[in-house]
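Following: one structure in structure tokens, then a few remarks.
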């Protein structure tokens, strides 16, 4: 019975966090090992369903880079470059959309449904959720877009009826064409648009590291100012840049806290949301308040 | 981090139970040590609030025998007997009501509110929640009543707005007079009237014992038939009779499961609802399904 | 038939008042003889139910001083004094709460229900209706509190479903402890918080008297300025001070009219609300408008 | 003050009736002196508004025979007869509709609005409220119709938003043409269709008389059987026939009570609804219950 | 099949207009030949019903001058004049109201119902829809009024339940008396009060003509400034003045576009709303936007 | 103007059909040339949006065979056969899902959005819309499924908020795996589940032909019996079998009419729904009623 009492104790320790986030939206950027590893992705699905059942409205945004590359290779599509930059041709865009919307999104939907949730997959084109403009750059990079505006109506409709939205980062262009958008950026814009209480980014590192080569050098908390300083500096690894940009954008847009956490830990987002253990890096306007 | 992962694992193991009871009502009969001991009663309040925040509608019904006796003694009121049976005089009834409604009920309300809930205390007289008739017996026992009917409208109103009802076992007589009603019986009738998914009775024993003198002889599950047989037999301790009657009445009235559990274990009701550990005795129409 | 026509005429003369207050809240401070006398208290209950059925939302706040003292005496509790001021000890507070919440409140609830209403008793602790802080004073007066804030949500919930709230003046302290609060003051704060159209105080005098010793010297109307002047003066009887303070607080807080009326007259509040006869003293920001 | 207390007493005696009819619909057939006399018709309007404000949904149906005849005379239209029966020609129908819908209906609407109600006039053609078929008879009587069906949707819409419907007895024929329908009959059909609690017919006699020539011979109550017997007999005055038919039809259709009362008494319908004084004749399925 | 495809093409060309006006209110001033000619008035009814079924909320306001004069002549009522101006006596007002409310309004209601709509006729007196004051003028013109205020609540109630309102231009005076109001003016005030997207005035001319004697000189569009200039000038025919005033008032009051169109063309309002063909004259604050 | 009047006439002729289907659901099975040809697919999108704006709830189900085959060829996947039957391997299923959900579905969504609709793409896996079981057959055909049950909740949620659902025929297997389901069959099951008023199947033939080689031999209407007879016979072309099965299943399931029409005609579904021209073959339980 001692064991059972301890279990009860652990459950009850989640109560303050359940109370704190009841009725809030939490945006989870899904990706990396957490989306690939068989056990980890089941754990993420459970975390999402757990959030839903304790009164949180989770929104999942996923990426999918490696899977797109693999499919392009299978189809024998050669990458194109303009002035040294990779270009998203119409053909590439079509493949990306098929992989993101037609394959990865449905896998996540299935995993959530298997855990007892009711997931509905969306792309940014559905109900014009993510209106997108062509990203400006010196070279013509083709169908690479950035978020123009979010029309979160369909998210509200689905959440109000108990459905969990899973969003693929494909944007609706002005003429109905598809644009590839960075999933970290899309997650931040969605978090801002729905007034999320948190943005959680599942990555393959422990968080932001003071020394990118030293996993022990984790920075637990960053103010917005500190985060912006870091972004401008040289100590930030290239892969971390869009994730840090995403966190900064979210906090600038009014999301109280953005977290870059280690998706390789099972139930990482559950730990982040429901326990008092710091996990990964938290960026917030005012880090003095915990949670 | 290992510890944290284990905590996450324990949390996630509650998910199936959270899903199962989302939207259901669970009636908790509060009493015994769980209502007296300082730590235990805080734990019960937390369990109730936890249920509320994961989507369950808890209704608390409390007893209070010893406190009523103590107050009567302080007031110098002599117990009256008719043919050897204790009588509830008008004076006794007034004291009982003051202690139950004015003292114990408010303590439970305060404890729940302290844990972040929004509790509202009710007696059976408020909104005519429990209409009561005089209990028939050979001797005139005074203001001892039994439930005539439940008008659960006020419970629905409060639950729909997020309030947690705490009910004192004082019934409304036909002329507006107060009646003392057995709290175990009141809990069962309320559970039936609101279509509860569970009735949990917090007692000071491990459950129903095959041998009342041997705490190791716990009977884990009873079918309705078995429970009725036990009630008619001689092996049941006197104190257990109203609790067993209550469980039988609830299950007969359509409540799928009634539990008589050991309120001396911290978070006993949480363990009962959210873990796979059997605790106490479960009476159900068909015990083959677990939960 | 002549008699019947006259009765119809009297009924129809209530129509403008029924129209005026349809949908409004009226707070009735119940106390004095109106709460003690058998016939009078039935009449008050009927008045409350009448208000409810013609579309008014009545809220009842009751006091109970003499009953508390009587119970303390029966329990042999000696009054305590600090620097000559009466102290509310923890023991006294417990008795006060039992009498107010467990006895008087339930009597009023029963009387209203007997007349066809659906009353629900509340204390300031239920749903944290009245958050209270310790009253500041030179001497430590114990559990004597003043209103910190009102959370009127539960009143709205109950009224919207057709229930009539009856409130005991026991406040919720910051640590969940109970505080004794003056019922006149509580009624004023509740009237302000719910945006009441009227506060009616049932007293044992004809109203505010120019000469406290002369019942013929009734002051029919007072502006807020006049009332404040009177409060600062010496012509006001001591018992009238909290009632006048209550009326002033209500009007300052936006309640259009506060009435101090003679609860010894049967159906005094009905007369006040539904006839053109002035009864007692009306305090209003602008007394030029009648009603 | 004694007078005021008596007034309060009279008001409070209306409470049981207010409770009884709260939320019910009462159909008032308006006509006779009550619709012509300046003071009486104001009194009727007040009664209607009073009903509305105490939670009743009144529906007014009016007649208008003499006014139609007067207008026809002014227009020099000669009455037509077929086999000795009066015929409603297209021209006559047009005049009847103008007088009923364009003149009398608007007067009643104005009177109700002047008393603080919000009346909306309707004919049976609006929203196809009263679908009508040509009355079958040996001779062709032209545009004389009988009720085919009631579509009470518009009455529900208006009542739910607080409007008081005033209905002219003009029916919608199958091809959109207008039909003259008997106002007593229309009132009965409307009462049945809306599930009215009462049908009140304002007439120029004290009620149904055992001896039509003796106003003292009022029959206070009639069972449905007795009323049907009376209708088939010879003791019933011709003018009373449609009124008795209307009452019988209403009660047969499920309206608990139909009243034929003396509209010459000011506030007759108020007296009928809100006092215990019998007024006129009540026809009910089971007259043993009063009210 | 070629013909069918063309029909489909025409249907689909209405789509942008259906989208544009979905959920909007359009006020149609009905009058002239469109209200008299048998085929035209059926076509107007169909247009109204068509608007309703594609998601527009139509409100119809009708006039009726010639019919009133004809009835007055039949009744032998001599027109009165004061200082050369025609006077609306009480007798005239009664006739006008009977003809407008009791005759013309019901005809339009019937026609709409025959096409599958659910029309409800209203005057400005119903629910105090159009509160009216006596028109100021040097001579006493009797019951000639101008709009004081609109209480559009009943229009909202009816539209929300799918009913189509048909309004007669009879206003409610301060004492409940009736006033004759110009139907063009009433239509404009109603359009402003309900926030209409369009006001369409069905007339017997092609629109506003540069040369009143030359039907070919149609002015297709007018800015508000141009319209105001025209009103002050001499080139505007007398009959057109109230129609132009109405359009100006509507646009000044926020209605984006007011149209004066040729009601002699079958389905003129349908053409105006659902095709790209200019028809009649459009007055708008900014005519650069079409539609 | 003559042309304009004719256009108005054509519009108004659609009114009875708009009235008839207001509030109904119509399921459109999209496929064949109508889904491939640039102009035709824009026309279908417009028809869908037109239906939406006139109050119909359209649900689109699409197929996509040729596109899946083309992608498989590009990926060098060899078709597998068991006992001569084509097998859907896991690899094939993945490609099919990517093409259907990630490519074709999004194109249709974009086209509808471009016409002013708000489309949301769904697969049968989203919200477990289409639960699927493995199709039974002698040979193991792999991931070929048939509909087990429809959970139409998400369709109701989306339609109630004004979104147009576009469904890909990919089913959710019992373990969360994907199954390929025949789009014609899926459309029929969805039509039955939502209680559709019509099922329209866009094909590349004029309808069901008495002689499959003679396009002039169109059968306009079939009773359910006749359709079942035809299905069992030899005169039905192989490609038509699933379409006829779909129509029969829909009508058997309570859909009043199922239509197999020629999607090569622009706006074919608009013609079917909004004109009196027969187009293609209509299967209905009772063909005597037209429409």
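Note that the chains are named A, B, C, D, E and F in the order they appear, and that numbering of residues resets to 1 at the start of each chain.
The working rule: a residue touches a chain if its C-beta (ideal position, glycine included) is under 8 Å from a C-beta of that chain, and two chains touch if they have at least 3 such contacts.
Given the structure is predicted, the values throughout are model-derived calculations rather than measurements.
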Give a one-word verdict, same or different, on whether subunit C and subunit D use largely identical residue numbers at their interface, taking over half shared as same. same
Measuring centre to centre with CA averages, how many angstrom lie between subunit C and subunit F? 69
Please work out the Cα centroid separation of subunit B and subunit D, and write it as a whole number of Å. 56
Using mean CA coordinates as chain centres, what's the gap between subunit A and subunit B in Å? 45
Residue numbers of subunit E (touch at least two other chains): none
Could you classify the connectivity of these chains, where an edge means two chains touch, as line, ring, star, complete or other? ring
Which of the residues in subunit E end up touching subunit D in this complex? 74-75, 94, 97-103, 105-106, 109-111, 113-114, 118-123, 125-128, 153-154, 157-158, 161, 163, 170, 172, 175-178
Quick check on the complex: what are the subunit F residues that touch subunit E? 1, 4-5, 7-16, 18-19, 22, 43, 46-47, 49-50, 53-55, 115-116, 265-267, 270-271, 274-275, 277, 279
